[in-house]
Amino acid sequence: MKNYLIIPAVLIISGLNLTAQNSVNNIALPELQKNHSRTIINVPDLEDYFTMKCDLHMHTIFSDGVVWPTIRVREAWEEGLDAIAITDHTENNPSKQDVGGDDNSSYNIAFDAAKDYNILLIKGTEITREMPPGHFNALFIKDANRIDVTEAVDALMEAHNQGGFIIWNHPGWKAQQPDTCIRFDIHNKLISERVINGIEVFNEAEWYPIALNWCIEDNLAVFGNSDIHDVNGHYYPLSIFHRPMTLIFTKEKSLDGIREALDDRRSVAWFSKYLTGPEPLLSGLYNKSVSVRVLNEKDSMGRSVIEVKNNSDFHFEFEPVSGKAPEFIVRPNSVVLIRINDTTLPDEFQYHIKNWFTDMNKNLKVVIKCKKS
Amino acid sequence: MKNYLIIPAVLIISGLNLTAQNSVNNIALPELQKNHSRTIINVPDLEDYFTMKCDLHMHTIFSDGVVWPTIRVREAWEEGLDAIAITDHTENNPSKQDVGGDDNSSYNIAFDAAKDYNILLIKGTEITREMPPGHFNALFIKDANRIDVTEAVDALMEAHNQGGFIIWNHPGWKAQQPDTCIRFDIHNKLISERVINGIEVFNEAEWYPIALNWCIEDNLAVFGNSDIHDVNGHYYPLSIFHRPMTLIFTKEKSLDGIREALDDRRSVAWFSKYLTGPEPLLSGLYNKSVSVRVLNEKDSMGRSVIEVKNNSDFHFEFEPVSGKAPEFIVRPNSVVLIRINDTTLPDEFQYHIKNWFTDMNKNLKVVIKCKKS
Amino acid sequence: MKNYLIIPAVLIISGLNLTAQNSVNNIALPELQKNHSRTIINVPDLEDYFTMKCDLHMHTIFSDGVVWPTIRVREAWEEGLDAIAITDHTENNPSKQDVGGDDNSSYNIAFDAAKDYNILLIKGTEITREMPPGHFNALFIKDANRIDVTEAVDALMEAHNQGGFIIWNHPGWKAQQPDTCIRFDIHNKLISERVINGIEVFNEAEWYPIALNWCIEDNLAVFGNSDIHDVNGHYYPLSIFHRPMTLIFTKEKSLDGIREALDDRRSVAWFSKYLTGPEPLLSGLYNKSVSVRVLNEKDSMGRSVIEVKNNSDFHFEFEPVSGKAPEFIVRPNSVVLIRINDTTLPDEFQYHIKNWFTDMNKNLKVVIKCKKS
Amino acid sequence: MKNYLIIPAVLIISGLNLTAQNSVNNIALPELQKNHSRTIINVPDLEDYFTMKCDLHMHTIFSDGVVWPTIRVREAWEEGLDAIAITDHTENNPSKQDVGGDDNSSYNIAFDAAKDYNILLIKGTEITREMPPGHFNALFIKDANRIDVTEAVDALMEAHNQGGFIIWNHPGWKAQQPDTCIRFDIHNKLISERVINGIEVFNEAEWYPIALNWCIEDNLAVFGNSDIHDVNGHYYPLSIFHRPMTLIFTKEKSLDGIREALDDRRSVAWFSKYLTGPEPLLSGLYNKSVSVRVLNEKDSMGRSVIEVKNNSDFHFEFEPVSGKAPEFIVRPNSVVLIRINDTTLPDEFQYHIKNWFTDMNKNLKVVIKCKKS
């Protein structure tokens, strides 16, 4: 039997075996084996913080997911993440008749793999109830089994008392709120008591703009999580977009660093080409990702030429605040040239990044200087 | 809780949901969801047989694989296969402490998914022993639990007596035969008694040319199987090659059809760009895949032009039997033009397909007619 | 000097050179050379006609294009086309001061390349005037120089009298009709006199739905052409879509065959995921591309399962005529499964293919039979 | 007529037009238009120099190339280059009968495009003769027409006297040296007189290892150039590799900066996955591209784990100098983990980068520190 369960055993070297034996006995075909390596996600750190790439909501065979816990670690490593939380449901589990273990099993099984791949593994569970109050992730908990209790509020309070950081998951999920995305009294109470500490403004393939406002208004941490049950590469088109994730801005690259950052609400949600979160964080990422310069010479038709360079994996859709400037897109790791016909170039253009949201109705506002510096 | 375990429940329609709601409550982002569809594998049927695409060796969480059994069905459906066998080990299982069930569990769990996806599911198990005799797949069995016995030969005979079709797996696997790929007495005995009915000439990412000769000489069925433990798309570069597979040539598209074809040894192994198996089957596939014609007009430099068209997903590397003709490649679903300078064109060229093997040392021989017909 | 201008000289064999010399003098790196082969476009023939893939509007250095004429032939060959027309402007040419030749030069230069690649080359030119009457392609002409006259109508009549087939190009082009897409008197006159024989309903990256109605109502041939000036692979995302093209349904694969088909108006325009043209032609293509069958067994939840298989490079978006059936997409060369919950399955569902147009407001209507046959 | 020849006219904004009109008159299909942007080539600057990406050998319609000169500029811009030289042959030109202009035409025509795209355009020509002396690129010349003289040496001296920087092109090209790659007396003379200033160690898809030694021994600048005649994206598989190029290490980003760097021999050739040039330059690039760290914790099997991170588009194949360490590959912009079983970890491992050459027989030598710092 080949031992695939304990993944690192087959990875003495994480590189392609180049030596193909050539005989009639056994010919290795290395072209059939993907080279397992970790893709670097190119997003900048902020001036004072590390930008950690995190996905804090996912499932395994120990609830209703379809993979063994170690796979979640390896997916995270290959896709360039820094930290994950496996959050199997403490409640009902359709595969229970064939699967053993308890509510801590997925964490325990993934623990070694996380160590082997240098992925930070946050202990978590999902508390899964009818609406209200709905579903919640409890992170940084000590024992998921003790959270597996009948009453939703009791479960939340147990998680809270364990020192847990609690996220309200997918508040606008249609299975629970078909036509609305509202807060119930219980949510307001738990938020005011600081039992609920964050909200998913994005989950799986849905985003809930109103929840972004709740985060801003009530000082809750913003999350964008995959909630992946499937194989990640089956569900998401990873050759086009990174997996949805929460970017967390930390003072140190550690579990403590992540917790401190979440307690201080320094996080944004990144999904598809969208980035959503507090204005200062988005503004900081923009400034570290985009550089603009006016070229020395006019072009052959006498126009000014402005070079806009995006040195990140983010996507930018520039929309002028007023109508005088051109609309344009800058894709990841690329450069565009903007040509301005006006004989009198203004000192600056004001733009919105129309796919970056600081509020359900507001886009990040940026300035493009037109004078040569 | 979202129910992902019973896959069809989320696939009322196997198509992309085009209607993105647009509100502050919940905005669907369909660009983040891959459209789950089945890719058609373009290989021709033979004159008298259907060409069925099969992978008859794979693992799940119920032995040392990393996915739930339903995933094996869905991978097969998406990748265009017709039939699979899940062959979890009857013996030791590193995850047993956390996984329940018995030796039939993976078949039982996958059964509904196979029905839902119209994939033929062959009941099987892997008998996993030290060499000799090594590892064997028993297919078309009735009860894997009864095969879970101490002695290897007892297990094989039990499978045989259940009506099982038995394959010797990866005979040249280095963990068992580091420097050799030989048959032991026990193999010769089991082959002569027709207990062993086939051999993997390819497994995972290795091929064993000598085993192809054994199949031809002793009338055993040829197999090329993935033995996949991992997520299939993690392990294999599916954007470049189809998954390794066994092509089985059947009179009808059914489990009975596959069994009859295997009993008659009508199968070949396809992996990377290689095809290996009995000459008549390879020859039949070549003739249905490749068409050659001499163009009407000479080209602008007075040369004859021969068009070679490959209407299949196979890959062809043409090597002239003698040195006078040019070497060339025809990739899947494409056409090349061969220009011949000779003033006197021969009636035909003899070529070898140097990536198609009818024997460990022999390539399929084909003829290219040079006269206009 | 390496001779690249006469392309076939470097293509004695249209295949990859596999033999890399290994010395300190000269090491060939075949991985840096694309294997030049022709991609097969997978669209079916109709019952009584060959489906020929044509692009009948393109430019070279001999007007305002940026490539040498032979490149147009090679692009066509590699991309799987059967026939092209190079239609350089007979009128003003911005590069004239550095480029010699006359209005027949691009045809003459491309002639040998077309022969070498077995591409049918239709002699053509573009008559390029202010609106009205606008731009026209004259195909199947004898001498472009004689069409290079002052008056637009004189040029059109000369082309007509040469036996030319005349297409009205991009009628809704904003540079000429910024807010409208209307026919002027001159167009009505030329159409009624059968001088204008066809219209581009698609050009470059624009489609003009109203022009489709004009074709249907006045019995004109439908065209979708690239009008490519740039390198084709620079302009179009060829890894996602085939180049825009006109499918022409011929009795024989020859220039005469194309002309007969155009005179009989047997053509449709294919661009992006859209197909537009007369209903009988679209219906014929649908029937040869899509096969539907009801699976034998109900799925695990008791639902009927209908398999829809698309054996072509076309794209299909199914939209139910009434609301009871599900909406779904079938991508090129793939299969989807439709699951129907209704206990009483109707005999059939009526669908529109919402990306196939038989009229500016009408989609192709198709029927999916739900009873097992 | 649409004006495509003067490229910037169609690029008021180098971004995708997002606004699709929706009417029966004219529907824009932006999905059919590639978004023209410049890809950032991710290679580090050296400590004291800018790393400029240059291709200094290419052809257009004004010799035996197949594209208009402006295309060379746009290809360079899109592919992320900083500087190019168009080096049309001063001698015979197979398209001359249809093409006008003189030996300076391609430079003159490309000049505005280069300005518009902020690409540095080095004035150049190719002096194309029988071997000996073969082919030479003269860069930084003043007037190519005056170089168009009968005798090879006269042409080279004229270029030299214009202040030209002269490169010996493809010394091992088989059309001129079928079995050898030797220097003739004339080369030795021109090198010693400093008329020849550099050599192509790579051209098109060939590399000449012995020429690297000549550069090192005789203090000549190293070049790797495309010599592209074709459309660049037709010839090279740009989705896999960047175009072959010369990296030049400059004090300032200008034509003068490039010239100063070449005069000081600060250049290397980059092609396929190979990098070749003087050891100090390769060593500098390695140190700025690769970072290595020993992880804090042992892995689950007690092994030390070393993370090797490649923050560049370069490719690294690590081969241990002695046999004790593992062989491994680090692909562009990715990370691998090396697991070391030895209980006594050495202080460091010595590796060769076996695809980086500092000599025809020598690979760059690097050290991996194994002690935690």
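Couple of notes before you dig in:
By letter and in written order, the chains are A, B, C and D; residue numbering begins at 1 in each of them.
We take it that a contact is a pair of C-beta atoms (placed from the backbone, for glycine too) under 8 Å apart; a residue touches a chain by one contact, two chains touch by 3 or more.
Keep in mind it's a predicted model, so treat the numbers as computed, not measured.
For the pairs A-B and B-C, the larger set of C-beta contacts lies at A-B.
Separating the CA-averaged centres of chain B and chain C is a span of 37 Å.
Residue positions 6 of chain C are each in touch with at least two other chains. Listed by label, the pairs of touching chains are A-B, A-D, B-C, C-D. Touching chain B in their complex are the following residues of chain A: 1-6, 23-34, 59, 61-68, 70-71, 74, 78, 89, 91-92, 94-95, 97-101, 105, 109, 128, 135, 172-175, 177, 179-181, 204-210, 227, 229-231, 233-237, 240-241, 244, 271-272, 360-361.
Of all residues in chain D, only 6, 8-9, 11-16, 18-19, 35, 37-40, 42, 112-113, 115-118, 295, 297, 299-301, 305, 307, 309, 311, 317-318, 326-331, 333-339, 341 touch chain A in the complex they form.
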